[in-house]
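The structure's right below; bear with me while I get my questions together.
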Amino acid sequence: MAKLQVRGARKAYGATIALKRGDMVLESGEVHVLIGSNGSGKSTLCKIISGSVRPDAGEVIIDGRPVTVTGPQMARELGIGIFYQELSLAAHRTVAENISLARLPANAGVFVDHAAVGATAERYMAPFADVLGDGFAADTPVVKLRADQRQLVEIMKTLATEAPVLIFDEPTSALDSAQVERFFDVLRKLRGEGRSIIFISHRMDEIFAIGDRVTIMRDGETVTTMALSDADHDMVIRAMVGGQEALIATGNADDEGTRRTGKTILSVQNISGPGFSEISFSVAAGEIVGFGGLHGQGQSSVLRALFGASRRQAGTITLNGTPYTATAPRAAIRQGMAYISGDRGHDGVITDRPILENVTPVHFLRNRLTFAFPGRLRAAVLPALQALRTKYATLSHPISSLSGGNQQKIVIARWLTDPPQVLLLDDPTKGIDLATKTELFALIRELAEKGMAIILYSSEDSELLTNADRILVFSGGAIARELTGADRTRYNLYHAAYEAA
Amino acid sequence: MSAAEPGIGRTAALSAERLVRQPIIVALALIAALLVAGELLSPGFASGEQILRLLIVAALLGIVAAGQNLVILGGREGIDLSVGGVVSLSAIVAGNIMNGADAGIVPAILACVAIGGLFGLINGVGVTLLRIPPLVMTLGMLGVLQGLLVVVRQGIPSGNAAPALSGFVTQPFLLGLPGIIWLWIGIGAFMAFLLRRTVFGHRIYAIGSNEHAAAMAGVPVRLMRVSLFILSGMFAAIAGICLLGYSGQSFANVGEQYMLPSIIAVVFGGTPLSGGKGGYTGTMAGAVLLVILQSILTTINIDEAGRQIVFGATLLVLMLFYGRGRAMRG
Amino acid sequence: DDFTIGLTNGWVGSEWRTQMIEEAQAAAAAWGERGVDVEVVVQSSNVDVPGQIAHVRNFISQGVDAIIINPNSPTAFDPVFAQAASAGILVISTDAEVSSQDAIYVGIDQKGWAEASARWLAETLGGEGTVVAINGVAGHPANQMRVEGYTEVFGEYDGIEIVNEVNANWDQAQGQQAMQNLLATYPDIDGVWVQDGMAAGAWRSIMDADRVDEIAATGEIRKDFIDLWVENDFTSGASVNPPGVMASALNVAVFMLQGRELKEPADDGVYGNALYLPIPFIDGNNVAEAASALDGQPGHYSYSSSLSIEEAEALFQ
Amino acid sequence: MSGLVAQPGAGAHTGIGRIFERFPFLPAFVILIALLVLNGLFEPNSLSFGALTGLVSTYLALMLLAVAQTYVVYAADIDLSVGAILSLVNVSIIVLMQLMGGSALSVLVACFAGIGIGLACGIFNGIIVAGLRLQPIVATFATSIIFTGIALYIMPVSGIPAPSVYWRTYGGRLFDVPFVIYLAVAVAVILYVIARTRLITQLLAVGDNQQSAYQSGLPVTMTRIRGYALCGVFAALAALCITGDTASGDPLVGGAMTLNSVAAVVLGGTALSGGVGSVAGSVIGALIIGLVNSLVFFVGTPSEWQNLVQGLAILVALTVGILVSRRAGQ
């Protein structure tokens, strides 16, 4: 008998149908992958199972018994633990408190048992002990942690439910490969114990590395379920995209590394700042420079400093031969910088506002506009939106009506409406599906060819390898190695990152 | 659905639904209901003349609420509790400058708007540069303004409203409506244009909705927020001048009664205190709604305890039409 | 001999209170001519009841000889006044009576104040007509005494009917709005009993409604109102609660500090510890005099009077 | 003392930053000490044992009210009705004591009834705000009007005295130590105990991010209601204190204390945005408000300037506190 079964789950938000017909069967002792393009309803399906979304129709069956999951509390009682794509941490509480939050151990039923809280934390931190990174301790407030460390806390929190059914909705999007490996070790162990695990990721290699079976979703519907041992990348992708031609990430970086012919646009000399020091490099017109390495080695900090979003203490930067001194995003944007962050909730999306208003802010600044006439604005933003194949009903719908991936496309369109000179990409594809990624990188390459200078930081190695003309491998806030031409191999990338670390 | 082919059917259905949910529609319906109730309770309540007088009172509140509305829209728990103090100060300063003479009106307006703007600037600086929460900053500023009023009243004799100002507020001006109603309509139009058709307006919503993302997209967040507080101070100052016209003389603490009602008017107009959405047209309706409610309660002959209980309970019931937050369960 | 007297005022929301403090300070200075050095220390700010209790405690710490208080509550000071008394400090309240038997009250009888204007209104209406009342803050003791005062007087007149009583919190603009609502609902009223600053507001609404000739209403004592009154020939009458009450209290205090005994002990009032001062009255007969007495003063200046040192001395043995 | 602190320290930090993290009220504490010293300089008697006891006895009510406010602020809520609850409980217990004859037993019964009333008001607020999902600021403003109305109904005018056994105990001595000292110690112990409960951690987690807390499986609505209930209870305790210090019932006594309670919370280093703070800070904040007012007088500020200087001083204290703790946090 299946451990958990969902039949005909359906959810609509106003006119948007998030989930048309969600079906899946989860067996005991399997890692069941859920895959589908952005907005295909994966998160919605998971949230229905975990009680935080109320379905319009459908049933959830656990151990053969139909249940009504009335909320997250009820889900816990039914033995369901979930990792939320957008995380569910209390920022000012400690790691330990977060791990035990839902069921704080108590003395006399009233007073928090701090010893037990600490012990629980240590237990779940143990498997990750060597990949936790700096500043991670049981009594560290979550607010002080980096994005990957927070994801680890959310993982531990999910594991601490000790639930028979565990759902992981994109748990690895901010993790580096070592962290992912540790996590997978834990999953394998849990699978061995007979637990049932739902795992969502947009990374094909991860899916094949850990999954037993895969359920593929498209446009809010379950398409099929297959055993991963019988499948290959191509089959999965074909199922995801349906009738359309399968799109596989194709490398379009120049294999010879000879593209550095354009004149230097951005030149950075010896800049230092919080999290990095003595960084020097330059980017030529038409070039995509990759930032690689383990997480939190200063890649994002450098990008943010270049964008004027964080402080920078020493060194010089020249942009097109003239000194560049922007100390705020405004000045940076005016001088032709663009910064696309993967952390859309924090850096990107203007929640509750219409799609149009989410695209226009940079356009306003670049064109020094005073008045906002919708007709003209629509005309200005459409090309970028179309180039990204963004899915939306109308431009006046709130951006929250879109799936995570489409929201990210809106944010990207914001920066491409008026093409910048330098494009800073800070893990821009976090949560974007494969097809879109491919389109996005094709577009980025096109922009480069038109003479833009581009810096790409990605937490996905394959993304760097296939798209960057050169890769600067970061370690401990400095550039450890530069990979060019034929040196750009996965082996070299790992080698540089781990050797230096 | 792609950008090229917007879904016609869906949009139509959605906008019909949106229309019913428009706070302003709710407010207008409630206003109509209250007027009927008022007329039933005390005949004569809904006469044209009385409605006009209520509108004058609503305009005073509405002008204060315009600034309050902007500050609230700007988010980050934006709120301006100092408006009451600015209204009082403005009324006193204006009374002294014009001192019953029409020639003083223009200087009085200039001086008061400058003073209002100055206090708004200080609020804005406190909130942005020193990062004091707006509730506390403006509460502190209210304390300062109350103290300043005592000092100011010591130093200068208080004066009277210029006849032209009193006439503007209380006497028919154009098409039988007093000037203040026209002023309010003008402010309404100004606010609508500001919020919908200017970059400044779009940026208000942007910082109100996600300040950090807005900053990353080049919105001058601090400058914006300071500007909102300045505008709030200016609107409060204008309301203070109008209030002087309404009551003829300036007197202490005249503005205090606007502090919390201005916030309620904004909420009844469909702008949540969390900012980032809503608008001023609704707030205008909210101001009218609140004033009608208060005046119905004055005319019902019950004791004060009963009046307060009914007032508070009615506010709660009315809030159910607007303020309900999103269910945590989607 | 010299004395230190602490003055505490717990609300600074009106010009009347400011004038009260100023007149008291002037009264203290006047003692200098008699060779008595009276130093006043003042705490005057917007405080709640605990805040004003703190005022009193500050005075006790400072070791003043007497405390004169315009209290924020009639009963809340019993314990702290007991402490003051045991520290040998004389406590006098003014403007509002206090229940503490460790203090005396020097000021007007608020109830009598209301009775006088209510009687004027009833007589002016010929004992016949409908009346509305606009009151201050519900639950406030001074307001309550005044309500009792007019209720009693109007009760004596069978022909007078109170059709509505509303609260406008001693705020002029709220008084104006309340009057406006009342005029809309009761178009036929004959009289309005209204207190203090709200009277000016109410009269503005009466003027706006063009009913000045048909309505009699109580008035107030600020110069700008009295000017308006004279100018428009209102049918009005105003009981005077002079801001000088605190100055009177101060003069009484100094004599008591000098060890003088009152001729008649302060045993009047609800709490049996009051020394009532006379209540002047302004109506059509003497409003012109009042206006000329206020000539040259700013608009917010209230018609005032206080016991001079000589008048105060006359109260003592 | 550390048990009163809701924010545990981080492991990764060292030195002063870590101390500030563990004791977020430290800046307030320093200000408090400075104020005490200054008060002592300008009026040595103000540091006498009697004067300090008086200070505690006067401000115990505000301290407790600030504590009450803190519990809802933990969860990012706010309660603008605490003053009204205080007034309601104050008049209720006075009337009850009077009805029951004023014996020691009746006093005790009335006190428990008063706490029950505070609890009921708190639960009512909680249901309105968390259950019905209304915006806390406006909803509790509305309930404050209702509570004041009920207080006015119970006691239309202030003036009924408390039985002397009640206030003589409160103001008296036990074994030669003032009774309020015992109270203060008892309150400190209670706060310490409460700070260790699960509810506090849950409130803070809810305040941190409500949606996250809900999705984590916390009973968010129930937690917030409990927070308001706790707030109501402490507002009632504040009422018991103020009844002891004023010995009488007054339906308006708490009206002006609400905003002071908010200011005290912020002065004490608790964030209005929820998730961080300490009740110890709020207690200190309340004392700061009291000491600022005294100091302004002891320094010899002319009366007409006192309100202004007090307003400015509070504003400066707020600013300094916020700036110092931020500097230290970096």
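Letters A, B, C and D mark the chains in the order given here, with residues in each chain numbered from 1 onward.
Methods note: a contact is a pair of C-beta atoms (placed from the backbone, for glycine too) under 8 Å apart; a residue touches a chain by one contact, two chains touch by 3 or more.
Only a predicted model underlies this, so the values are computations on that prediction, with no experimental measurement involved.
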{"item": "From subunit D, the most remote chain by mean C-alpha position", "value": "A"}
{"item": "Subunit A and subunit B, separation of their C-alpha mean positions in angstrom", "value": "42"}
{"item": "Averaged-CA centre spacing for the pair subunit C and subunit B, given as whole angstrom", "value": "34"}
{"item": "Distance between chain centroids, defined by C-alpha means - subunit B, subunit D (Å)", "value": "31"}
{"item": "Where subunit C touches two or more other chains at once, by residue number", "value": "12, 18, 44-46, 138-139"}
{"item": "Residues of subunit B touching at least two other chains", "value": "143, 146-147, 150, 154, 304-305, 307-308, 328-329"}
{"item": "Shared-contact residues (touching 2 or more other chains) in subunit A", "value": "52, 71"}
{"item": "Pairs of chains, among all present, that meet the touch criterion", "value": "A-B, A-D, B-C, B-D, C-D"}
{"item": "Subunit A residues touching subunit B - in the complex, by the definition given at the top", "value": "13-15, 47, 51-54, 71, 307, 309, 329-330, 333-334, 339, 341, 346-353, 357, 360-362, 364-365, 369-373, 382, 385-386, 389-394, 397, 414"}
{"item": "Of all residues in subunit C, those that touch subunit D in their complex", "value": "7, 9, 12, 18, 21, 41-51, 53-55, 57-58, 60-63, 73-80, 82-83, 99, 137-141, 143-144"}
{"item": "Of subunit B, residues touching subunit A in the complex", "value": "1-4, 6-7, 10-11, 13-14, 17, 196-203, 205-206, 209-210, 212-220, 276-277, 328-330"}
{"item": "Complex contact set, residues of subunit B against subunit D", "value": "77, 79, 81, 126, 130-133, 135-137, 139-148, 150-151, 154, 260, 263-264, 267, 272-274, 303-313, 315-316, 319-320, 323-329"}
{"item": "Residues of subunit C defined as touching subunit B within the complex", "value": "12-15, 18, 44-46, 138-139, 163-167, 169, 171-174, 176-178, 180-182, 184-185, 187, 197, 200-201, 204, 208, 222, 224-225, 228, 297-301"}
